[in-house]
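Quick heads-up: structures coming right below.
In the two complexes that follow, chain A is the common piece, with chain B as its partner first and chain C second.
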Partner chain A sequence: MAIDMSKYRDMFLSESREHLQTMGRLLVELEKSPDDREGLDALFREAHSIKGMAASMGYRATAELGHHLEDFLSGFRAGGAIPPTAIDRVLAGVDLLEGLIDDLSAERPERDVRPFIVGSTGAAPPSAPPAPPPLADEAEAVGPGNGAVTIPVASGEEILKIVIELVSGAVAPAARALLMLRELAAQGEVLDADPNERKLLQGGAVPRLELRLKSWRAPQEIKDLLLAMSDVARVSCVVERVRPATRQSRERTVRVRTGLLDQFINLTGELVTNRYMLQAAYNEGRDQDMRDGLERLTRLITDLHHHVLQVRMMPLASITGRLPRMVRELEQQTGKEVALRIAGEEVELDRSILEALADPLMHMVRNAVDHGIEERGEVLVSASREKDLVLVEVRDNGRGLDAEAIRRKAVGAGLLSPGQALRMAERDLFPLICLPGFSTRAEVSETSGRGVGMDVVKAVTEQFGGTLQIASERGRGTSIQLRLPLSVAIIRLLLVECGGELLALPITRVLRTLELERAEIRSSGRQMVVPLGNELVPLLSLRRMLRQPAKPVAGTIPVVVSEARGRKIALVVDRLVGQREAFVKSLAFPLDRIAGVSGATILGDGRIVFIIDPQGLLDEGTASGGRSGVSP
Partner chain B sequence: MTERNIGVGLRVLIVDDALFMRGMLKDLFIKGGHEVVGEAADGREAVEQYRRLRPDLVTMDIVMPLVSGIEALTEIRREDPEACVVMCSAMGQEALILEAVRAGARDFIVKPFSEEKVLETARRVAKRV
Partner chain C sequence: MEQLLAFRLGGELYGLEIAHIQEVVEAPPLYTIPRAPAAMPGALNFHGSILPVLDLAAFLDFAPGKRDARVLVLSPAVAHLALAVTALRGVVPFAPESLLPTREEQARDTCIRAVLTQGREMINLLDLKTLLGRLESL
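Entry: the complex of A and B
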């Protein structure tokens, strides 16, 4: 029986992309040290893996190209070094493979690889003419090793053909068969059964039961389930046909450590235990045990959430793979010499954050090479953990940001009055480069002047409740720091009340909460400030930012200290309510257009609470010319 | 693996008009690590005890005086559609077994019982809660 491979397609696609990224990285490294034997061997293995996977999937052109590259590389392996021309050729091959993967992903026919393969003279070492790639026979040689399994996020429904034979002396076989039908109906949809339910209800002898079941369960699971039932002699359960791959082919896959899967099972077991304990306590009215049980349940859910988030975690390496190649291309285009260093590639972030971060990261690196580095220099991409946050930094040792140019541009674009611009400190000018359409370059450069801009980098960062900071020094370089939460979905919120509304701030944006006495407030010009440590922090009214009526101050003043544009701000609220863990949903159109609101959550009592983003509110206030400060 | 994690035994209600059958089933369940929370000698008592105890599992004799096992099963399922009731029957009661399954019995065991079969059935049937 032929195995239907279509359900492995997505795994194949994602793993091939990983292999191609690795190949790109290895090639760039090999260009710098062409006699790196291990690198060359690794490159060969990558090509080999792609060939094997494609062959077992029956993707002929992809397998053929993989085979060709493998063959091409094997010639250099013998010599122990690879010349630059050959690297260019393999890079071109990798590009072509990427194109093929795109074709397969879009369910198009594979593009033609013959012209590439036939044109393989010149740099090629003497090698045997490429033989047609073997199909399917190497399937067992590939696939994920290292204790990880690749599971489809949602696998497809299959139609199982099931034949059950009952033991010969079974009592009430019709009743037994009915129980089996019922059990199977709980696992999927019973399509047709012989004998069917109506017949079984009449009783009589039932030596065997045949049926088809549409189910998400694996055949072995169904088989085990039936074999555990009484009076079952034999069960056969085979996949009849896979349902046409429609939506399922778009499902994405993740790799999960098997250890983590075991932990899920353990946690599930504990939850089941807990459920029984709670039920027992409830039945017998034991209040203390109910409370203990609920406490345990809280702990288990926290545990489960933690582990589920781990499944979603991926290392930064999954998006830095393309950077070396991009920098290499930029070097060729600009004639600059750039050393790219990547540190902390193993630091993990939530998949959705990483996916959103991929383009912004490329943009920042591109920017650093294009605008930062002059003749030669270094770009450092690094990631590190900072408590609940991950710090992603792109730093270069180039010319640094030109504060004067930013000042001029801001005045020219009408963002600042000449007076304002003059008074503004350098570090306050830097964030302006994140405004949409802001570029200090008169002309659009070939490399940085397209795709995403700094405004997108900032938007993506803030979408996940992160912050962006820019530091720069003339002649010393620029550093862009993104502080991002490790994971999304459930975050801790600080609830505050303001003008009768309940609002929330992500706890990652809260530095501290205070209750101020009137006497502690001072004024600096027209701005009220509060001294915190040796800083004077501007006091801003959340009511005013939200255009709510002002409230006369009575008693102590509750304040949330947050950060906006890299500086501390103290937000005056009506009341500090408390902290809460919440599942945050992003808002859909048109609510997503509201500046300063980054999402919403629903409280236990059904109330909807908007999550506010102080920086966004501040930007909104500045843009519309309104002053959001607290006037004396 | 999962089973060991469940740890806590089932809370069982035993319904049978024969004292010795109840005793035998009781010993068997206790030996299997479960808890026998109640015993009933007829269908009416079974329904009353179910209402009060809400056990995880009921073993129900089919043929009993006053209110039959099938009537009790129907009554219990009316109150709690999720109720796990396993019928106990003797050979030669195939029509009654079929009727019980139709009325929502989760499974049935046939006398003479094997200890293993009873415990296995209990575990399997009650797992699905």
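Entry: the complex of A and C
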């Protein structure tokens, strides 16, 4: 086959995974309403798609299993309902398909699907057509036309390399080999043969026949066909792998609307036009045209940027697909009754944020089922746009967080002194569950106890410049809200000057900026504070947090109000410079080892500006924040 | 024959295989990294990559002194890092089999992988693996 299928492989893998997720979701829905005709149809179509794609890629076991599930389901489609046993079986089939996709993605041979397919007969509905019979054993030589070999799937044409050894006592081996060659020619196209037809016609001894056959048939079929013929001692028949000389690293793929691609082409066209316009203006020294041209270029670049970011956007649905299935399994494990509702699945986020969010989201839902819901209840996963941010919320109507338990645990773990714990308000206690290793459950439960914890959820959120908020009420439920930027590449930054350096804060971390008069500042104990609304917000010196020399205060004091550990803080800077959109670069080792620095950006003049994270700056060393405090 | 780039750190002569070096950059502007350790005087913008500069002499506890304005940008396969040294010397060809091994504890403390004798001089071959390992705990 001339087409290099490896190009399509990644696409196949990612699309199959999506189909499998959808199947999982549909199955869970069908379990609740087994006679949902549309759901059953949709499920059937998903299986059909997987089969078709796998077949055209030449992934035989995957195609076979897809076909089997499709067949299995078609019986229930006719009957109009699907029983629970059948749902379990299809779920098991989906698991097996996932295993196959893993095999293919790791470039391993596909695992054996026959035991699964053979084991199907018991679960088939009475109205179902007979499940495809197991493939013939190698010992049994089965000819093609007797209906026993079932690979009706158009499996994609492949080149088979066939070696036939004839028994030593064959009477007319050359004639026998010629017959085989002609038989095979009827199954496809014989590309080459050794000995070839001309040689065979001359007769003589033919111990073996080697040939390459381009055929739609599976190697096993060809093998069976040959073994059924006389004088054949041994047959080997394998698919010839045409491997690229160098192994390409696996690139992740995205699907792009063709409309968007058209816009790229249009933009490219405009950029080319713009370039000639600028060239002409430059050649003829037309300053005004140069300026206009540059302005136009700026607009085009902004446009291009916007569209490039669009390509990276994916709907939340791409990571919520697994949730229904997980909740179903949790229901079975815990005996609880949980209604999972997902809203705002169409809300789009940058691909890399979504990928990082997949596990934390599962964890939060698991937590909600495990720790929140008591016997029955509802878990709501929702997403919505809030200006430049996306709010992702996991909410349950369960028992709510136990502030007392958190207090005890925090004291027990040495995170708070008993006095501190007593004075702490409930809402200040909740963020403590995000500390590494913190769990209010005495025993480690099978589902929530392992793997990612709330500390990971928080770290992932903050890594993208997002924030995490926890609200909870005893007996009413818990809500965890993640506010995430839409896209990682471009964020709005607030630039400040401090100790002669230009620094940036993600605007998502800035509540407001102020120019304080000296008289507005009060002292509370050894700590300087500023009243904002009805709160006394501690004043912290960014210079001290950055270990820069202190500076005497003169005139008004520029302050950035931010949040750290769920509380407001006011950072004193030297100067507020302004806001700008910036392409943020994440930092590589060893820069990523520096706490409190979350990224950097390069300004138009080549200057590097580091992005600081106030929370990270506080976490490092100064547990109470006292060392950074502005003292009277 | 292989080649190394020789440079001085305090009073010692060190060297690094040129295969590990992507480029020597002439006096790039350095931008202060907030909260960076003292041995990291700043970062440079290297064709759009942000690379921290490690002052090797300071990091390996040589007496503070002048620094060569040029920095060695390591190959990206090694690390996203540039090295500042006391003074650059030049390229020295050497036969890998003429390298003398160092004791293990010496390698750890001084980041020296092997020693090369060059006439009356000794060149310490920088052990990048140990160096990067020590950066893990900044």
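Points to keep in mind about this one:
We take it that the second predicted complex is superposed on the first by the 487 of 632 C-alpha atoms of A that agree within 3 Å, B and C clash if a C-alpha of one lies under 4 Å from a C-alpha of the other, contacts with A are read in each partner's own complex, and residues count from 1 in each chain.
In this text, a residue touches a chain if its C-beta (ideal position, glycine included) is under 8 Å from a C-beta of that chain, and two chains touch if they have at least 3 such contacts.
If you're wondering where the values come from, they're calculated on a predicted model, not measured in any experiment.
Look at A:Pro549: by the touch rule set out above, it reaches neither chain B nor chain C.
Contact with neither chain B nor chain C is seen for A:Gly525 once the two complexes are overlaid on the shared chain. Touch criterion met: A:Asn283 reaches chain B, while chain C stays clear of it.
Of the two partner chains, neither chain B nor chain C is touched by A:Gly169.
Touch criterion met: A:Phe610 reaches chain C, while chain B stays clear of it. Looking at chain A, you'll find no residue that touches chain B in one structure and chain C in the other.
Residue ranges on chain A touching chain B, taken from their complex, read 171-172, 174-175, 178-179, 186, 201, 203, 228-230, 265-266, 268-270, 272-273, 275-277, 279-280, 283. Against chain A, the residues of chain C that register as touching in their complex are 29, 31-36, 43-45, 48, 50, 52, 54, 79-81, 132, 135-138.
Contact residues on chain B toward chain A in their complex (touch as defined above): 1-2, 4-8, 11, 53-54, 56, 89, 91, 93-95, 97-98, 100-102, 106-110, 117, 120-121, 124, 128-129. Listed in rising order, the residues of chain A touching chain C in the complex are 501, 503, 546-547, 585, 587-591, 593-597, 600, 602, 606-610, 612, 617, 620.
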